[in-house]
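Input: structures, listed below.
Here come two complexes built around chain A, the first alongside chain B, the second alongside chain C.
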Partner chain A sequence: MRLDAEGRRGLTLISPTLIYALVMLAAPLAMVVTFSFWTQNYLDIDTTFTLDNYHEAWTQPIYQTLMARSLIISVVVTVVTVLLAFPVAYYISFRVTRRKTLWLFLVTIPFWTSYLLRVFLWKVILGYNGVLNSALMGMGFIDEPLTFLLYNANAVVLTLAHAWAPFAILPIFVALEKIDRSLLEAAEDLGDGPWRRFRRVTLPLAMPGVIAATLIVLIPTVGDFITPRLVGGTDGLMIANMIQIQVGRANNAPLGAALAISSMVVVGTLSVLIFLVGRRFGGRTR
Partner chain B sequence: MSRISRILPNWLGIYAVAFMLFLYAPVVLLPLFAFNSSTIIAFPLTGYTTEWFTVLWETEALHSAVRNSLFVGITTAVLSTLLGACAARAMARYRFPVKRGIVGLVMLPLVLPEIIVGVALLVVLVQLGVPLSLWTVIGGHVLICIPFAIAILNSAFASLDQSLEEASFDLGESRWGTFRRIILPLVMPGVISSLLITFTISLDEFIIAFFLTGTDVTLPVYIWSQLRFPAKLPSIMALGTIMLALSVLLLITAEWFRRRAARRQGLDVQAPGGFVG
Partner chain C sequence: MTMDTTTTPRSIIELKDVRKSYGKVTALHGIDATIREGEFFSLLGPSGCGKTTLLRLIAGFDEPTSGSIEIDGKPMAGISANRRPTNMVFQSYAIFPHLSVAENVGYGLVPKRMPKAEIAAEVDKALRMVDLSGYGDRGAHELSGGQRQRVALARALVMRPKVVLLDEPLSALDKKLREQMQVELRALQQSIGITFILVTHDQEEAMIMSDRIAVMFDGHIAQLDSPQALYRHPVSERVASFIGVMNFLPATAKAAGEGELALDIAALGAVTLPVAAVPEGISPAKVTKIGVRPEMLTVLFDDSDHAERVTEGVVVSTSYYGDMTYYSIVLDGAEKPVTISMRNTAGRAVAPVGARLRIGWGAESIVLFS
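Showing the complex of A and B:
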């Protein structure tokens, strides 16, 4: 490729950032991939190429269980978050006429508070002697604390759905804002009722935002280990907890790397599928 | 309008408000229990106290964690804004080869789970024999903050009128002079907004800090270590309240600067900017 003056200037300008990303991101990621084909020999690393780690990651029941559970929890969290977020985004985009920015600002503020503290607060809310139980008992609704609130997969779903709500609302809002309002009038003039109009015009046009929201929530939630640790109990532990243990206490970084790569491949595949399906759904009207 | 759509707005509005309550429920509890005199985090509230804030004042380990976090946060903010500015300016102003690939790589940490970033960096650092310190945390934080800095600065650079630059050249200014006297003042509010946002991210970031921290811990890592002790909970609530207030203050300031930048460039102030757009 011929490099003109403009191209050179652009490349020079972006090069510090690019080099940083190459050294601190691309190289370490490549290293993790390499690592996953090596084995841990107590203190040192055996660098002969092997698929043993992947074999272990995909066949051991514990890893299978954790992987399946992570995937299920992440998918449920994503569906719940996006479904809950859509009406809010719709409300801000279509019904709020003034103070739209204020609404958006209010939506994003909780995201900027410490994630760790937010997760921890849910533990405080849902706990046996927690805020919710003590409030319900104080008001006389229940006689003894509810135990199904904390330390299970539901608590993980609730906490994650809460934590990722802003990330779901914003992309959907942006997509809704881009919809040409005259299209909606046209649909109405052509005899579509509100529901049909929503289903045939608004929803397909909002689809890119919904897809973006789905992926933004799905991918990171698979890698979360704080929420399962704090509110998940033993039944709520996810694959990221195992990755953390392998890299840390268990001192088996190669297996941790193989687990990390495996989960990324699984999530990546799922993401591509969602993207393709969503694009087809959104493209039907065009 | 049909009958349904006349009823619908009310329900939607009620739902939206209810959702906001859900969103703010945990956050509201922080100050509530930070000033509550009971050592147990439960209703009913027992009485007003500032004891937990006093406890914070007297905890030496916390003070060093705060100092570490401030050091990490400020360094991260400066470095990531600098690197973000280079990238944002290049993206907004120039066309260059493999632009999409480069931008994709630089923005990748936005969608990558933080545990992957943390594990990848840890594996490399251990392999190279680099001791874990605050600088390794900074290295990771800069990486995840760059995309946010780019998102904020990109809108500042993209809305820059190129003819101002050309006018400056025609009037005999050098490239550096033009940057310093024309471009920098125009994007300065964006730069400040980016500094504040990246600082806030770094201050609250836990996962990467957890993997890359050495013996000097940052504030979230310190909090993590304290969560195990029930007796420490009220003072953690007090600490959380302070952090919450600080974060909100920084965000409002950042938003104020962003709007000023938009107004200065004659844009619609109401238009959502930064990562919203």
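Showing the complex of A and C:
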């Protein structure tokens, strides 16, 4: 392939990014894929090609359970986050007339502290002797601390939904901002009340933002391992925790790799499905 | 000076002292007007005079600060846009980008629980009316500006509104298409007989299309009349210079006989007019200025040509338009030139700059201003 001056310049311009992406993303990914076809023999690795790891990852009940739980938790987190983010984005876009930037700024406030700190805060709030239990006992609503608050899947959902809210609000906000306001007036002019207009115009046109928000929240939460570790207890553990265990303590990196690739395939498939469904529903612009 | 026909059609919209303020800005200062059923009515005025504001109040997107709007005999206060018998063609057309042309046109029919086949038939009919048959399956982005405008119109017409509201619908189109659409829109309105209210800042467009025009300045209606009446009898200098071209000349009123007004017009000379020629609202003694349209002054090319009154002037510039030539001529005794339009004829050359010409005029063609 011969490159003209412009082509060379283009390549030079993108090369730092390209190299970075190759080194930091493509290379590790290739390594993980390769590992998943190998076998761990106590201390050394047998590099003959095998599908055993995948067989184990897809048939062992423990992995199935963890994968299913991860999916359920992240789907619930996504649904909760997007449902709560939509009204916030809607309010900022349609109701706030001045100082929109200030509102967006406020939305990003949770980012000002480290994620770990925020998770610990949730522990403080939800814990056995935490803020919530003390308050409820102090007011006499309960006699002994509630135990279903922390160290289970609920706590994981709550913590993740809070953490990802800004990521869901922003793309929805952008999509809502892009809607030409005269379209809404046209819908009203043609007989639609507020609710019907929302269903027929606002929501379909906001769909690209909703899909983006859904994917932005869903994809990383499936693979989250800090949150379940800190607030999930035993029945809040997710697939990423198992991958970590396999690669680390269990000393079975190939199985960990197979689990990682498997969950990547599952999330990828789910994302494509969501994308297609969302487009059918109204994200398409004709 | 309205040209009233013998049977005045009934009114469809009554505006009574309609005012609208946005905080400290007052967009409309008391609008009174009656819009008749089936007429093509235009709101004409420079940008910012409150045309859109008034149209939106009629459509129901905003409520007036005070005053009342009646449509078809019903007061509209508290009735939202989706329950008013009006439909709007937006300046941006507001075509739904996620729907096809047919879905756009049928948008307002879908919730009416009409059978699908009936909706499709109505949509087809409306598309045929705007000359877009066969475009139903297209997407909004596959349309040209003119076609989008037609879709917006079809979408409004399919609702069978009592009044169609159009906010500068042609301003985004190029000149040729705009002129074609002006004619088509007018013809369509006349054939279906629905009241149209058009907002425009283009006086030519308003003149070509309308039965009556409300000329607006600064939130007031300056004059509401037929195009002919606006052109021939503008009530103020501002209206006169907004509609077409008008030559203004200073004049002084003088004492005259009973029922008469004697005027001494700079550069044209003295005339005596019946007091009846003085428009309402101007006292004859206060006339300080007259106006005369370019085509009401005539260049007398041949010595044999004669006119009611004759004066002379020198050509300072000419503009040749093919069918017409516009002469800029300084009349004897005047400082500023007047514009005179002359239809070109086969045997006549355009008079050169510097030529001294005889100019004919008539007392009848003069408009008086205070």
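General observations
Convention: the second predicted complex is superposed on the first by the 277 of 286 C-alpha atoms of A that agree within 3 Å, B and C clash if a C-alpha of one lies under 4 Å from a C-alpha of the other, contacts with A are read in each partner's own complex, and residues count from 1 in each chain.
Simple rule for what comes next: a residue touches a chain if its C-beta (ideal position, glycine included) is under 8 Å from a C-beta of that chain, and two chains touch if they have at least 3 such contacts.
This one's a predicted model, so the numbers in the text were calculated from it and none came from an experiment.
Counting residues of chain A touched by each partner, chain B versus chain C, the larger count belongs to B.
In the overlay built on the shared chain, the residue A:Thr101 is in contact with chain B alone; chain C does not reach it.
In the superposition on chain A, no contact is made by A:Val82 with either chain B or chain C. In the overlay built on the shared chain, the residue A:Leu149 is in contact with neither chain B nor chain C. Look at A:Gly193: by the touch rule set out above, it reaches both chain B and chain C. When the two structures are aligned on the shared chain, A:Val231 is found in touch with neither chain B nor chain C. Contact with chain B, but none with chain C, is seen for A:Pro220 once the two complexes are overlaid on the shared chain. By the document's definition of touching, neither partner reaches A:Val210: not chain B, not chain C. On chain A, the patch touched by chain B and the patch touched by chain C overlap at residues 193.
Against chain A, the residues of chain C that register as touching in their complex are 59, 61, 80-83, 86-88, 90-92, 94, 96-100, 107-108, 111-112, 139-141, 155, 159. Contacts from chain A toward chain B in the complex involve residues 1, 3, 6-11, 13-18, 20-22, 24-29, 31-32, 35, 45, 84, 87-88, 90-92, 95, 100-101, 104-110, 112-118, 120-122, 124-125, 129-131, 133-135, 138, 162, 165-166, 170, 173-174, 193-195, 215-216, 219-220, 222-226, 230, 240, 243-244, 247, 253, 256-257, 260, 264. For chain B in complex with chain A, the touching residues are 2, 4-5, 8-9, 12-13, 15-16, 19-20, 22-27, 29-30, 33, 40-44, 82-84, 86-87, 89-91, 93-97, 99, 102, 105-106, 108-109, 111-117, 119-124, 126-127, 139-140, 142-143, 146, 200, 204, 206-207, 211, 220, 223-224, 227, 233, 236, 240, 243-244, 247-248, 251, 255, 270, 272, 275-277. Partner chain C is touched in their complex by these residues of chain A: 180, 182-183, 185-193, 196, 200-201, 204-205, 282, 284-286.
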